[in-house]
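Naming follows writing order (A, B and C), and every chain is counted from residue 1.
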């Protein structure tokens, strides 16, 4: 379907390689962060044999991590290498004075047509856990085609609590209907039956554990990127719900289970003070399914360093791939980070 | 179906004309607000060609706005001109000492049978964003037949924040299954597939923009009048979530996305400080559909005065009808307001 | 199916009889609370003729009430008398230093196979409204087979507000799909259509009223034990939402409607200051159904002492069975309480 764009795609990929990274601006306070990003027909694997045709940012789901400082100038040139129109909404960005950069096809811009490009330029504010996603035919493109990624804005004045954090995880929650896996341009209709559920694009057991050591102060950034409410339960710890949509809550509260609706973000913080292997999962029990097979979906394990699992442990022989929750990238400080673990196969 | 009630209906309509309005009571503090309201078989248009058979209060969906002062005596005579039994629950009203006015068929009253009337009398308390709806076969009458309207009680002691409001919008959210559009008396069953989604009874693009000017302090009153959770995202602004079910929150919090469950009300307040055209929509992506057509449903645009839209703007040629969010009525002070824009066609 | 376990079951039942109850520990502060609990194939009745095959704790749904003091040592020996593997997760218990007691088959333990037993030992902390449920094939066992019960931990330092409580009710909310009623080992699949909805395992009108007298300070403990969000509306009173997942909220807020997601718990407190008969029900209107019959499901009535109902009252001739909300057991102080009203019939 997209073969007519193949040479364009190669050029665009080259451009992305050349311009990614940080260019310090002339002022001390704010950087200019430029990035060149393709939207590509990409086949990813949700779990086991279940693949899905996506329109992937930089060929990966979730898309690249934008980790920027509050006040940074962000410039993203988007090349649409798919056969359908798209746009990007930077969910949570105020776009103060730049409403035409808000990415709404039909309101703030014409859609980016196949083979076309569009450059978004805006200031990163406010700070907090934000995200970006397509704003054309969202019922299909966002829900079923993986057109989303994390956008984290580091605050100028962090709260006392977040300053203590030593481990930072991003968890994007979404839902899929396998019926539409191989039908790009279709799906996302009333009555669709979601049967796969992922954290950062993968279902248990093909996602990854969250590794911590005793004494860590852990932050989890939940992002509701799909179509359903997910009710996240962490075992063995008390979460302090500290941020909503990036904003510090005036009265942070404690919870062991937290409902995350589509579009919402919640940052929770807790101390890793209870060594063991602890489940974290969606308590909507029908969301811990892989199709009709139980105990998959939105489920992972908080693994403490030094805990020796028993033989019955589902992940006894699991190969660990750090950075599945962008935890390694977040340690490196601001930047724009791709992640090979999230790459799919290009669809020709 | 209801032809046997036609003369009754005419009489009732006449009565409504005569008694609507405000009668000041003998005390300075509280008014007596009397209203005569029919429940009528009415066909409304959700969007484009999608019509729906409703049991409409005063022949409109949403029903008339009750905007009263805290402590007012409210008297509503309800005439059931449809072929099915009904009652009215004044959702949020405490009914202190008047439990038999709570409108629950089978508990506080016998249902109002076809051709019969019932007069509700109660004191308007507490203050805040309330609503009213039928309490007979709610799965059909509330969810599918448009039997709901806004009930706003102006507080004796407004909060400092709400005193600053200059623009006040009411947004009732609901869901429809087109399968039952022409089958009054049926529908609202487990497994129903909602395929239309409305704000104040209309879907994008047949609803209206929310018009503001720079400097306005905007209040939006979300009312969950349907069967589903709606996750409302406002672009370009930070909402302060200030009221829940009419009550001031002790710790108002900031959000760009807010989940509204059935029966709940949330009042958010924000300053219009960012001129542009800004989407506001349900982030449950399957709720921005009109049947199987994307980018409709629960979606609107916050339009700033003086912004010139581009040619690609979906509402470039939109005819503006003020008061779609009862914003004009709310400016006029307490009263009971019908709204011609919400009227449907009588079903004979 | 389970006949091969029948003598085992009899022995286990005998053991349960012998060891239930409280053994004071050697310290003054903490008790050791031992219990012996079977998991049994049990047929319960949801409402009218709708029965359901469950895997019931002690042969009842909800399971026995664990009402313990903060810091108590809890020891529960679980005998699996069904034909399928199970485990028990004590939802909310921190399991500080006892992660292998957390009850997660495949992570913290091997599943308890048919005919086998497992003894859980842990300290009851933190305090608050907790619950327990199976953690094997939760999509079926928790959602459809009634494998849940309440676990209340009385705090060492109660809040000022909760000290005033005079009536304490437990309300576990859940959802059922009648298609799987007689197919143990199956069900809980994507696309399932929930058509029955219960409070403590029974639907209106086969559940019970909540009886109070004027002046009572009422606590309702909502537990999301099913697969759906329930939006609970109480008429005639203002709920103060005081606890979330057992933890006192730093800023309790007022509401008349409260959304409870799966796994979550909310404790609300209000004063019974408005005599009458008042509905309390799920405002998701499709959840007040019994199959395709309206005005059932998650619905009950708050009945004040001394109020004389009218003849149209649905529960005019209702036989009252106290303790349906474990309100009588909660008055007795800590202990482990079965409830004959929740017993089903053993399936041979």
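Simple rule for what comes next: a residue touches a chain if its C-beta (ideal position, glycine included) is under 8 Å from a C-beta of that chain, and two chains touch if they have at least 3 such contacts.
The shown structure was predicted, so the numbers you read here are calculated from the model rather than taken from an experiment.
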Working from the CA atoms, figure out how many degrees subunit A turns to land on subunit C, in steps of 5.
-> 120
Interface composition of copies subunit B and subunit C: same or different, split at half | different
Dist(centroid_CA(subunit B), centroid_CA(subunit C)) in Å evaluates to 36
Indicate the residues of subunit A shared as contacts by at least two other chains.
-> 229, 250-251, 259
Any idea which subunit A residues touch subunit B in the complex?
-> 89, 91-92, 94-97, 99-100, 102, 104-110, 126, 135-140, 142-143, 188-192, 224, 227, 229, 244-247, 249-251, 259, 261-265
Where on subunit B does subunit A make contact in their complex?
-> 193-195, 229, 231, 233, 235-238, 250-257, 259, 274-279, 283-286, 288-289, 291-292, 294-295, 301, 307, 310, 312-314
